Every structure is written in C-alpha cells, then in structure tokens.
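Okay, structure first, notes after.
Each chain carries a letter (A, B and C) given by its place in the written order, and its residues are counted from 1.
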Amino acid sequence: MAYIEMRDVSFAYPGGFLAVDHIDIAIERGENVAIVGQNGAGKTTTVKMLNGLQRPTGGDVMIGEMNTKEYTTAQVSRVVGYVFQNPDDQIFHSTVYDEVAFGPKNQKLPPEQFEAQVEKALLMTGMDQFRDENPFNLPLSVRKFVTIAAIIAMDTSVLIFDEPTAGQDLEGNRRLGEILRKLHEEGKTVITISHDMDFVVENFARVIVMANKKVVTTGSPEEIFWNFDALETAMLKQPYVSRLCRTLGFEGIIHMDDAVQAICAGCKK
Amino acid sequence: MGAVIELKNVTYSYPLTDTPALKDFSCTIEEGKFYGVIGSNGAGKTTLCSLIRGFAPDFFKGELSGDVLVYGKPTSEYAPGELSLKIGYVFQNPFNQISGVKDTLFEEVAFGLENFGVPVDEIEERVTRVMELTNITDLAEKNPFELSGGQQQRVALASIIVLEPDILVIDEPTSQLDPEGTESVFKIIKAMKEQKKTIILVEHKIDLIAEYADEVLVLHEGELIRSGDKQQVLSDMSLLEKGVQLPQMAILGSRLIQQGLPLSYVPITEAQGAQVIGQAMQKGRV
Amino acid sequence: MTWREKLRLHKSNPLAALYPSSKLLVVLLYSFCTMLIGTIKVGAGHYPLWLIPWFLVVPVLCAASGIFKRFCHAFTKVLAIVVIIFVVQSLLIPDKVVVWQLGFLKVYQSGLQSAIYLSFCILNIAGIFVWMFQTTEYKEMSRALEDSGMDYKAAYVFISTLQMINILGKNSRTIMNAQRARGVETQGNMLVRAKAFFPSLVPLILGAITNSEERVLTLESKGFDVKCKKTHLFELERTGKEPVVNVISIIITLAVVVWRVALWVL
C-alpha cells in the first residue's frame, strides 16, 4: 500500500457538476511528483482532496492510515501542507516572521522546536533577509515564498504546491528547484502543480498527467513527454528541447545535456 | 517610421521609497515595432509600463525626473482619457480588469466605447468585429465573472482593442494562465502585430518573446542594460548572470558551439534551431 | 436581431417590467404605510395586529410579479433573523402584565407588543425591498439612476458595490479554505470561530483594497474619467403603466392615512 492513495475517487459539486471522475493515484512516501494538465482537468480539486479541503463524493483518500473523510481539514493539515496559488489569500500578518511563525504557533510546540522550524523555513526560502519586512511591501513573486515558508515551517510530512512557478523569474525558479531538492532530501513527500514544462523536466522524477477530470497517465518525464497520445489528450506540448530533438531525429530526449551529447555524437565527422 | 514614445534620462521613485525604481533610463519606441521587455522581478518592467501609460506619476505620485514623451508630448500634458485612446494597457491579473457593472461579455467590451460617447450603432459594429478577432463571440452572453482566467484575459484585451489604440502596453498577460490560455492570448497579440500596432510586451515566457518580438529591452535593477534586435540580445549568454531567462534554443545553441559545432548563428526559436543545427550537423564537427 | 434588441430585457410580467422609479415609489409608500399601521393598537393588549394581514401584500405582489419562488428563497434568511428578534424581544422586556408563562420563561405584554411591531415591520419593509431587487436587474437600476440625473460615477459605485458583495462572498470562502489548510479551525464553537475571524478578514480587506487600485486604473484606461455625453448600449423603457401604478399606490396610501387618522380621532 502506498503512503498516499486515492482509490476510485470522484468529486461532484453540490449542483451536480463533476470535477473529478474516478481517479486512482498512488504516491509513495518521499516521492517528488508533478501534476500537469490544462485548467479544468481536475488538478486543483484533486489536490484539495489530498489535504481535506474537499472530501471525495466517491471513493476514499488515504494518507497513511488516515481516511480524510474521518478528519477535519485542520486535522489533515497537520500532515499535509498546502500552499495556495495566490499568496494574498493567506497573508495577514505585518511581518514576514509573524506570518511564517503562525502555523507552528498553532501547533503549540516546545520553544526550541518552534524556533528551529521557523528558522529553517526562513533560510530554506531565502526569506530570512526579509524577516522584519511587511509582506505587502514585497513583490508578488517574493510573497509567494513567504507563504511557502509558512507551510514549510509547519513541518508536515506531505507538501502540496499549487502553481508556485506562475509569474516567477529565472532566480525564482532556481530557488524553487532548490527548495524542492532540500525537501526531498529531508524525506518529505512533495506534490506540485505546474504549467511550466521546462521546470517540470528539470525538477521531478515522476509526472501525473490529468485531462478531462481523469488521470491520463503517469510516469517519468522521459516517458510522459514522448507519449504523444497522452500529450494530445491533455493538450500539452513537449519542452522545446524535445521538440527540436524530434525534428532532428533523436528520440526520448528531455534534458539539454542529453541533447547536446546526442547532437554532437550524431554529427558527421 | 518615427518614434512614438521616448524616455529621456528618466529617474522615477515610488512614494516613500529610498531607491529609484528606474534610474537614468533612456529609450525610444518606434512605430509599428514589437518590443519585448524582460528582466528579473523587481527590475522595473512594470514601472516602465506605468510611466509610458502615464499612471506614474499621475496616479502613483512619486518623484519623476527626465521626460516621458508620447507622440512628442509629455504624458502629464494629456487630458484625462486622451491617452486611453492612444495607448491600450493590459494588466497581469485578469480579474481586476472587469468593470464589475456589466453582466454580459458584449456589454463589458462595449463599456469603454460607452464612456467615450461613441454612437450606439457604431458600438455594436465595433464590438462584434473585435469579439471575432479575439475569438470570444460564443461567450458573448456570459457573465464576465464566470469565465476562466484565459477567457477573462481575452476579454480584457478585447475591451482595450475595441478603443483602437495604436500602441499596446501589455504587462505579463499570461502569468496566471495555463498553456492553452497563454496560446489564445498570444494569438491575439500576433493579430495586433499583423495590424502594425506598436506593442510593448512584458513577459517571462522568453520563448514566445523570441517568436514574436522585433526588439528586446533588458532591465536589471532599474536600468536598461541591453536593447536592440532580438537576435543579438537573446543570444547574449552574459544576460543569464543578470537573472534574465534566455530561450532554450539559444542556450542549447551556445553550448553546441562550445562543443565545437559550427553553427552559423545562435538560434533563438525552434524553427531557427532546427535549421541551423541541422545544417551544422551535415557539415560535421570542427 | 441586433445586439441592442437582444440586450433589452423582455419581461413578460408587467409588474416586473415597471420602470425602477415607479417600483421605488411603491417601496417607499409601502414602508410609510407599514409604520403607520404599526401604530394602530388592537384589542385589550394593544397589539399592532393589523401589520400581520398587511404583510400578505408582499407575497401576493411577488406572485403577481412571477417571482414567488425566488422571493421565498431569498426571504428565508430574513425570516430567520426576524424569528430571533421576535423571541428575544418578547422574553426580555419586563412589564407588569404577564401574558404567557412556561417555567421560568415569561412573556410580558410590552415585550410582545414590541416583538410584533418590530418583527412585522421588518418583515414588511424587508419584504418589499426584496420584491424590488428580485424584479429589477442591476443594469436597470443603474440606467434609471443615471437617467434621473445621478452622476454616472456615483451610479457606478452603487452597482459595483452590489456586485462586489457576491465576489467578496466567494473570496472569503477561498481565504477561509487557505487558512483552514494552515490549521485554523473554522467549524466549531463560538470561540473557535472567533479565532478564525481575523485571519479570514484581513486578507479579504487587503485584497479588496489592492485589487481596487488596479480596477481604478482599468476604468481610467476605458475612458471613465472623460467628460462627455455617455452613450448606452442598454435601453431602458417605461411600460406606460407607470402612471397607473403610481396613482394606485398613492390612493392606497391616502386611504391608509385617512383610516389611521379616523381611528385616532374617533
């Protein structure tokens, strides 16, 4: 049994609108997974069922031994942290430090553990330099890191990031990649929704593709981005490097390093 | 082709800040060209857009030195609303661009024309035409608040395009959108380019800038550090150190050159990449 | 069919199609009558009982306007508040005369008087307002306000505020979800909910403020500040029945006044 399991899960809104249609997902402890797909595919509703914000209307969502139907959202949140796409839906403190410390404060931890968790989160996200700043004086893309720090500080074993890459610049994406790597090293299970295919290729070992309220397929980025049927169903394109390699006749490549090697090797001497 | 917008030694600071958002900034925007504005977050891209459109310093206050000229006249000398007919502005957040007082898309797009007192027959004709251009005709009777982000952004574009400005300033329109939404927005921008509008587009999606822009302005910490033809700018690898994302093709191309592959130029788009790398592979490695 | 014709609201029900100013007159006169009728004391206990049959006007009017179901749906919330007010008023105002008793709960005469007066005044006045809002679209109100001479900017503020209430409702749900995901309990006893109040309210208000800044700029980009004669795609017309309705409303009001004065004098 995997750590996180969605067994034949469906979700229908009270009016009858079906957002998720009989999906099965299994995520092992410590995995670093990306979920991709167009808007309306059911990605956000799916991850909201993972942290208890929504309860499945069909099937079961198991986090370890916990069936989310039997716990409140706040209880599930102690195990599964969720960073929303819009940081302004969450921030309400006047300093970055207070905002990040809010989650751990609610957990009523002993002082040393509290300090340690907050400091770790601030350092990991690079927000320690802004600790006394008002979050609203920072640009939006930096505020995103404040909310990320706020959830990391809660030290949950699972973390969900909803489109952290939207609106990020080069440095922001690099820092996100760093954070994902460090969380993975700590053994956290991380699930990220992203529209940035280049970012997905660089940072994830496993990708889940969703379309039309169902899971289309799952696999490594190498498998996914060369599975043309899946890409067509989900209306996604290959990363630029892969597209070029396909035109030049090299199959299966997604990383630039491999592309450079393949092209040089394929040259006529 | 003349200069339509000029910035001359512009230094601007927002109120209550110590450091200027733009420092000694000078550039010329020529009629009918498509400019991509790139740089790390906080570099001053949005400030540049606000200055061109006149939101700064009029709305945001703050201190301005130097000149911001639109068609030769400083932005502060334009009457209220006059600049709206010359420069259309699209923001990053699709939700904030909805007027909030119209319950159908058709009326939403017509809102600007009503404000300018355009006769009703003309309004109807112009709105119908623009809705077809932006591919939202089948959404005409929907409530603007019930649309997806991509659809709302197309409505925002339509509401501005219907006023027929010759200059468009578009600030990160696709940041919050999915790939399909992004594509639909860029289709509209491409159509505007074909109509020979002057376009200033701020974007992080550098591969799309490489595809559509003519020239690129690179900002870093409030200064213009590079500007010029896109082919030159986007193949300059030193920009990576300034936090500027370059096209995947350009990075690949320059790495291949380092490995000894004789590319005749550094590609910046997929089509160029296929062509120039394919050719070089035929010639063999040096 | 041109868009203008498509947009023009075609209401089959003549009452619902009335020009907004006529409806407003009905609302104001009805409210005036309500308060007047509320001063008529009936019976030994001096209760303002006439308010109760008077209230029947509202559901009858809604049925005649074809919106009975929507009215019921919208009115349930008002009903809930009124029931609370009724109970509180009757139990808490002490007096010499006790009307009813169950154990230690005592309903006093003045409490019951006050309860009936307050509850049915609210039911009547809220009811007639609900009728007006359920039979009139925002754009009709906006157009009517502008045509009557209100500054277009004021009309804009009025309508967008009404729309914003829906939006704020949606936003607050998103924010509460975000805070629940951080361990803030939102369901439970009063203390728990009170603790959730601040984290839910601050982002909502700050968000509304920052969003409105961009919205102001958007409006400016669409010529909102330009001083010229505005044109309107949406046309609002009078049905022609307005004078009839106005006259009937005035006659009824006068009848109520005469009746009230007569009862007072006799």
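For the reader, a short list of remarks on this structure follows.
FYI, contacts are C-beta pairs under 8 Å (C-beta built on N, C-alpha and C of every residue); 3 or more make two chains touch, one makes a residue touch a chain.
All figures in this text were calculated on a predicted structure; none of them were measured in a lab.
Shared contacts of chain A and chain C, meaning chains that touch the two of them, come down to B. Taking the CA centroid of chain A as reference, the farthest chain centroid is that of C. The geometric centre of chain B is 45 Å away from that of chain C, both derived from CA atoms. Each chain gets one centre point, the mean of its Cα atoms, and the points for chain A and chain B are 29 Å apart. Residues of chain A that touch chain C in their complex: 48, 51, 53, 72-74, 77-78, 81-82, 84, 86, 88-92, 102-103, 106-107, 136, 150-151, 154. Partner chain C is touched in their complex by these residues of chain B: 53, 55, 59, 80-81, 84-85, 88-89, 91, 93, 95-97, 99-104, 106-107, 110-120, 123-124, 127-128, 145, 156, 159-160, 163.
Against chain B, in their complex, chain A makes its touches with residues 38-40, 85, 139, 141-142, 166-172, 195, 197-198, 235-237, 239-241, 243-244, 247-248, 256, 259-260, 263-264, 266-269. Of all the residues in chain B, the ones that touch chain A in their complex are 39-42, 92, 148-150, 172, 175-182, 204, 207, 240, 243-245, 247-249, 251-252, 255-256, 259-261, 270, 273-274, 277-278, 280-285. Within the complex formed with chain B, the residues of chain C that make contact are 2-4, 7, 137-139, 142, 156, 159-160, 163-164, 166-167, 211, 214-234.
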